[in-house]
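As structure tokens, here come the structures.
Consider the two complexes below, in which subunit A is the common component and subunit B and subunit C are the respective partners.
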Partner chain A sequence: MRIPRPGYLARKLLGVAATLFAVLTFNFLLFRILPGDPVRLLARAGNLSPEAIERLRQTFGLDQPLPVQYVIYLRNLATGELGTSLTYRRPVAAILAERMENTLILLAAATVIVVLLGVLFGVYAAARRGTRVDSGTVVSSLIFWSLPTFWVGLIFVFILGVYLPWFPISGMSTPGAHFRTPIDAFVDIGRHLVLPTLTLALVDIGQFILITRSSLIDVLTEDFILTAKAKGLSRRRVIWRHGVPNAMLPIVTATALYVSLIVGGTIQVETVFSYPGMGRLMYDAVLRRDYPVLEASFLLFAITVIFANLASDLLYRYLDPRVRDA
Partner chain B sequence: MRRTIGWRAGIVAAAAALVVAGCGSSATPAPATQAAGSPATTAAPAESTGASPSESAGAGTATAAPAASPSDATLRVGWSSEPDTMNPLTTYSTEATEVLQLIYDKLIGYGTDLKPKPELAATWETAADGLSTTYHLQPDATWSDGQPVTSEDVAYTFTTIKDDSLGSYAQWLADFAGAETPDPRTVVLTYSKPQAFDPALAIPILPKHIWSTMDAKAIQTFPNDTPVGSGPFRLVEWKKGETVTLDRNDAFWGAPPIPKEIIYILYGSEDVEAQALKNGDVDVLTEVPPTVWDGLAGASNVKAVELPSFSFHHIGFNVSDAAGSKGNPLLKDQVVRQALSAAVDRNQLVQIALAGKGKPGSTLIPAGLADWHLEIPADAQLNGDPEKAKSMLEAAGYIDRNGDGIRESKDGKPLEFRLIAIESTGVDVRAAQLFRDAAQAVGIKLDLTTMDENTLGSTVYNTESPEWDIFVWGWDSGVPDPDYMLGVPLCSQIGGNNDVFYCDKKYDALYAQQATTLDPVARKAIVDQMQQMFYDAAPYIVMWYQDKLQAYRTDTWTGWQEVPGGIVFNFTRDNYLDVTPAK
Partner chain C sequence: MALLEVRDLTIRYRTTAGDIRAVDAASLHVDAGEAVGLAGESGCGKTTTALAIPGLLPQNASIVGGSILLDGRELIGRSEAEMERIRWREASVVFQGAMNALNPVQRVGQQIAEPIRLHEPETSARQAQVRVDELLERVGIPASRGREYPHEFSGGMRQRVMIAMALACRPRLIIADEPVTALDVMVQAQILRLLKELREQLGLAMILISHDLSVIAETCDRAVVMYAGRTAESGDVRAIFRTPAHPYTQALIRAFPNVRRERAFVAGIPGYPPDLTAPIEGCAFADRCSVALGRCRTEIPALRPVGAGHDAACHLAPEARSCDAARTPGAPGRLAPEGPLVRVEDLRVEFPVRGRARLPDGSKPVVHAVDGVSFDVRRGEVLALVGESGCGKTTIAKTMVRLIDPTSGRIEYRGSDITRARGGELRRLRERFQLVFQDPYESLDPRQTVHEIVEEPLLIHGRGRDAAERTRLVFAALEGAGLHPAAEIAARYPHHLSGGQRQRVAIAAAMVLEPELIVADEPVSMLDVSFRAEILSLMLELRAQRSFTYLFITHDLSLAWIIADRIAVVYLGRIVELGAADDVIQRPRHPYTRALVSVIPVPEPGAESDQIVLTGEAPSPSAVPAGCRFHPRCWLRRDLGDPEACSTVDPSLVPAADGRLVACHFPEGGTA
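So, the complex of A and B:
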């Protein structure tokens, strides 16, 4: 891989910084113009004295004018201070760290399966364009892609969790279990991951199959493929050596977007399988108007999207000389 | 306290609200609060209990005695929302309250008959003037870190909550005048007025040696991750988003609880939760929606229970006298409200909107509070009688003058009102539709709009300039006592809990009187009078008293007492202590 010229990288990073700043500001404003006063929500038990309410405001810095809150917000971010959750009364950073870890475990497994198998099936279908295998793959991809995640999850629960009680249906590990060895604990988590991962894979794999297939079909009509065939290369070599690398660009983009989900979590799967990830944290935080948690989650989400895009831009330059020279 | 509104409409969280002592409407994002004036003092039949020292003395041990010895088994509880914090002074969730009542003791608790019984106080007696009560602490009580529990801890807890106005407990201490500690095992609490509801029934006792190191502000952000309590269980671990694990506190002063461990397991979906119960992954569910309940009712080794609750859902009318009120003034005419009350059929509401899981509503006190609820004779109720509604309206001069099907007042104003309900609370939306149809049938037009809970809360609780006519919502009593519910529509609660801005000085006077009347019979008479008065004025149409729906496995633990209000998530913690493993 050729190392990008410093000028290019600097320009990209500057763009990233500007985007980040805009996101930060928007993020700050967004949660303060929403209807609903968080202190009123906190105080909903009724009968809190005005002093107690005032103290809540002070504790969470809500008594300051907006511009002052903004400066404090930026200063805290610069020092890595994400604030204290209004609901849990704990540091937001610690809460996010726990949830991110869980979400990463789930999505790492799902992403690998979805991308690898998706590309494989896509290549397989494209190479047999127009056959029954191809149209069968396309139709089933479309069907899986359009299935509601929630519903697929419940079906798996009923079939593989209840009717055939093979896998646990909720949580990340068996509640209250004491494991003799770390390996047992690891296996237990693995068993809990099976159904959520299967659900995600089934629903998300369709898009990778379709993108890979259509991109590869395009590439296969190019002149250089004809040349490769004319040179007498095997079909397999034509596709994998000359076709697939040139069809990778859209797949890289799709993967970058998919990885961005890691932070957003996958709320439906998390809900069905009672999985403690980012999605449910954010959902609860919206309902409870827990500003600090929301701000930090959205920020994390934005940063992931920005950097996933940056990574895919840089990868483009590696994969496609035309982008590099532009 | 507890979340009421229905079967989790949507999400729990919103509702996570109510708190224990607090109460609140369930649904409410309510108002913050009322300040001092309203002593929510509540009254309970406390006196009678407290009184007989001889009997109560032994009770700590006697109660749990009949049963089996402590086991090594784990009780697994499934719920669909988790605690917000383990800090009893900042929590607003029912879930945290449920867990904390096993970790901390109150001076007085509730038995499975929902009558007061000794907890940290082995005996107590109230002075003749009703202004002070002397509590004698359990001689063996120690904190889970080994320090003895002393009267200083009690004095600290009450004084700090009062002085710093902490948490939802401060509302019970409006009349609190001070604590004395004649000796380490005796504490005397004094009030400026007699307390028909003893606040000792509501307030958890905290260890002074831990909490006194913090000021009021530090307490606000104290997570209390390793609570030190004197109760029957200790917190082992809280895996956020997954489980809360408790284990038996071997230093507990009373009979040791039978379960060795309690694990609360969080479920994201009620369907999956029900499957988990059928699978045997959990032993008991804290809350089950009606459709799922029906599915569980026939399952093997599962018992689905339907118990009265301490909650209601209601239709509220804006009767504000505020100069800025933008409500339709026609609703200030009692006849219009009574006609609407007569027009709607509460049995139909229960059968259709609530799938039959509840009782038709009438007065402010839910039928679940059987000792206090006033049963108005059926023929004296305004309920499901459209003909009566029509004749009432006609007699008052509301006639359809222009033939559009809607009645107009004498000066030509149509009986047309805005009706709002919470979108995610399905039972309320359905009820609102039925109510709209019933009103239409007697010539009153209602325009229904649904909105999210926070928006409805801030719309309704706009004290200076309420811009709404009619809403649908609910309340949950924070204590098994009439005080909380009766205290909602007080003049002094305008700006607080009062969601319809009803104000009648006579009602307020009766409220103050019942709160300081220690004799249960005399108090009941006043409480009845208040219920009748509020029913007749009709600022609320209490639609129903919904049932609490729960379920448990019969092959893992036995001995569940089916207490009104629920086998768990109730004011008594005894089921957690006394259930025994099935053989």
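So, the complex of A and C:
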């Protein structure tokens, strides 16, 4: 692969920086115009005097004019200071760090399964287009795709957690357990991951199967596929060497989109399985109007989406030489 | 013994509309080292026949009878694994490389090496690389370009890559499926010459599939003409083209202009090819044949000898002579053109180059798409703009009708300046100028009925008092474009119509506003030859009836010759020669025109001896050579010993001795 011209990468990063700045600003304004005063919420719980409320305002810097708040906000972000959670009374950055790690483990497991198996089944169906195997794959993909995430999670809980008690149904590790070796601890986490990962994978694999299938079916009608066949390549090689590499672009786009859409999925799954990740954190933060946590979580997801798109843009250039020269 | 022997091959396609008998007992044979042309119009079964040989038919096709013997071995009924070993090693295919026959995400060198490594597993990667480099050099591509991707090559170069790939496993037979279709005439000549040289050097046998009889006449030893899945005629090319025995072959040859002869309008073939889903009683061509007898409709004619090595499937052969009446001298409906309708003066159109590239002096490069063009279009004439793709002919036309804004220059319509016309004035001009595009499959909105398509211009320009009035105008335009019955056609959607009918709809939509000027951009290049003549004569008839003026844009000089009054030859954004059609084609003066005319294929074997094949391709319009823009490729300049003026002075378009305009320092020179 040719190394992208430095100009290209610089332009892309500049674009990312601009988007990021816009998101930061939007995020700041969003939480300033939202109804519901966090200080009042705190005050109602504690039955405070007006002076105390005023002190609280000062503590959180809410008495300053908006532009000043904005500058402080940017300065704090730059130093990694995300404020203190109103419910956990701990620095938001520390909470996010541990929760994000948990979610990333879940997301990585689900994404790998969804993309790999989705592509595999998609190729399998496309190669047998029009057969029963193909229509069966399409129909089941559509069914899985339309299942509500929380419902699938609950069904798994009933079947594989309660009726057949094979897997733990909540949390990320067995509470209070002490493990003799780190491997045992690892296995314990793995067992806890099975059901949430399966739930996410089952619900999301359908779209990858369908996208891969339709993309590959289009590619398989191209002239160069006939050229490949005329060369004497076996059908398997025609598909994997000439078909799939050309069908990858829509899959890359879908993967980038998937990363952004999975937010909804993690909220549901983490709630159903009481999994201590970002989704669960956000869900709780919304219920408790924990603005600092919400603000930082939103930002984190926005950044994830921006970088997922950047990654897909760069991957495009790797996969398609025509994009490189355009 | 023949290298390839195809006998009574019958192939069916299963479709939702019923079984299509695409190939119906077709036969052909190819001797070692021989080139056989497979001719016929779309849907005649020529590609299906050829692709059946290496077993490359689509899944819904099945071979229901016949035999294919390659080197004495039966290929029909072999397993897929056996066919995989035969493919490419014994018979390779040159697909239309200008299209998408190369994998866009693989380096071309890798694609050429792939069959070598597959069929000769003992070859090391390095040995394969050496072979690839040799193959590339052999087809005229520097070996270093093997590291590039297909999109980095021009259409002609991609075709060369395709040929190198086909030679990779040293096969004895090459099947070339429309190898030069969609290429410019000069590139076409280069590729055909390359194929010929390679065949002679390597002793290759070739099946060349082409809808263009002229290409077959030029390249092949024998020809097989197919019609409706059957072999109509086969034999030595000289016999086929000099004394065609089948009325279809005769009609097909007449449908091609021959620039080596007197100018004559081409004749179409009335009617449509038969429906292949129904069994055909008798001769498949009987319905369109001018000499068919009763017997022709009941009894299938067998392929039988009509001369030495010359067979035809016609009850009347070799006496059948279809009538020649349609071949009238000169195009029909010619008018004496009057004064200028539109005049263009020193027109320039520049586009900025995308991206951040800079010239050595730091300025941004620009594409000089149109670079100082002056001409007039006379009222009632057909003026043809001819040139290779990318020469700027379409940009000139679009700028003239104010679809593109010129960078500088002046456009006059009936004496008034319209260079900067806008608003209502521009809208009135749009009514006077109409366009017909190349591809009738894409220029018509598939979601609109024919009625809506033709009515739309009326609505846009507020013509017609009410719906009834507009319907009357729509029907009149459809009838005028030869679409009967108008009411029935109007209710249909474009996909219900044939290619020829769609182009008639496009013409109807263009003429419903009764414009003065119609710009027709390659209006017949997507159509089969038997329908081309009809569209061209329709255009000329309409001109006679409604005094239209045409600006006819084409890359096909022979088409320009038969339809136009005058021809302007465009090279790299500039007109290099402008004169009466006959003068430009039969007595070209500019060395570029002379080269172009010399390589026009004609349906006449042995006519290609005095070709002037230019090397390379036209340079990019962002890097126009100094002096005469044609001088780097000019053969005349070389003949004259490289005069200094050619590389230093840009020649202007001035009248030569006979009054024709030529932009060359030596318009009388080198009369070799």
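By our rule, the second predicted complex is superposed on the first by the 319 of 326 C-alpha atoms of A that agree within 3 Å, B and C clash if a C-alpha of one lies under 4 Å from a C-alpha of the other, contacts with A are read in each partner's own complex, and residues count from 1 in each chain.
The criterion applied here is as follows: a residue touches a chain if its C-beta (ideal position, glycine included) is under 8 Å from a C-beta of that chain, and two chains touch if they have at least 3 such contacts.
This one's a predicted model, so the numbers in the text were calculated from it and none came from an experiment.
Student: Following superposition onto subunit A, is the placement of subunit B relative to subunit C best described as a clash or a fit?
Tutor: Verdict on subunit A: subunit B and subunit C fit.
Student: Look at A:T84 in the shared chain and tell me whether it touches subunit B only, subunit C only, both, or neither; answer first, second, both or neither.
Tutor: In the superposition, A:T84 touches subunit B alone.
Student: Of the two partner chains, subunit B (first) and subunit C (second), which one does A:V272 touch, if any: first, second, both, or neither?
Tutor: After superposing on A, A:V272 lies in contact with subunit B but is clear of subunit C.
Student: Could you say whether A:N246 touches subunit B, subunit C, both of them, or neither, answering first, second, both or neither?
Tutor: In the superposed model, A:N246 contacts subunit C only, not subunit B.
Student: After lining up the shared chain so the two structures overlap, which partner does A:D184 touch, if you call subunit B first and subunit C second: first, second, both or neither?
Tutor: Touch partners of A:D184: none, neither subunit B nor subunit C.
Student: Between subunit B and subunit C, point out the one touching more subunit A residues.
Tutor: Larger number of subunit A residues touched: B.
Student: For A:D320 in the superposed arrangement: first (subunit B), second (subunit C), both or neither?
Tutor: second
Student: Of the two partner chains, subunit B (first) and subunit C (second), which one does A:E222 touch, if any: first, second, both, or neither?
Tutor: second
Student: After the superposition on chain A, what angle is formed at the C-alpha centre of subunit A by the C-alpha centres of subunit B and subunit C, rounded to the nearest 10 degrees?
Tutor: For this superposition the angle at subunit A equals 150 degrees.
Student: Rounded to the nearest angstrom, what is the minimum C-alpha distance from subunit B to subunit C in the superposition?
Tutor: So the smallest C-alpha gap separating subunit B from subunit C comes to 47 Å.
Student: Output the subunit A positions appearing in both contact lists, the one against subunit B and the one against subunit C.
Tutor: none
Student: Per the contact definition, I'd like the list of subunit B residues that touch subunit A in the complex.
Tutor: 11, 13-14, 16-19, 21-25, 28-36, 38, 40, 74, 76, 84-85, 87, 90, 92, 164-168, 170-171, 216-217, 220-223, 239-243, 245, 261, 263, 265-269, 271-272, 275-276, 278-279, 281, 454-455, 457-458, 496-497
Student: Show me the residue ranges of subunit A that touch subunit B in the complex, using the header's touch definition.
Tutor: 35-37, 39-53, 55-56, 58-59, 84, 87-90, 95, 98-99, 102, 154, 157-158, 161-162, 165, 168-173, 175-176, 270-277, 280-281, 283-284, 287-289
Student: Considering only the defined contacts, which subunit A positions touch subunit C in the complex?
Tutor: Residues of subunit A touching subunit C: 7, 222-224, 226-235, 242, 245-246, 319-322, 325.
Student: Within the complex, which stretch of subunit C touches subunit A?
Tutor: Result: residues 54, 56, 80-81, 83-89, 92-93, 95-96, 99-106, 114-115, 118-119, 149, 151-152, 165, 356 of subunit C touch subunit A.
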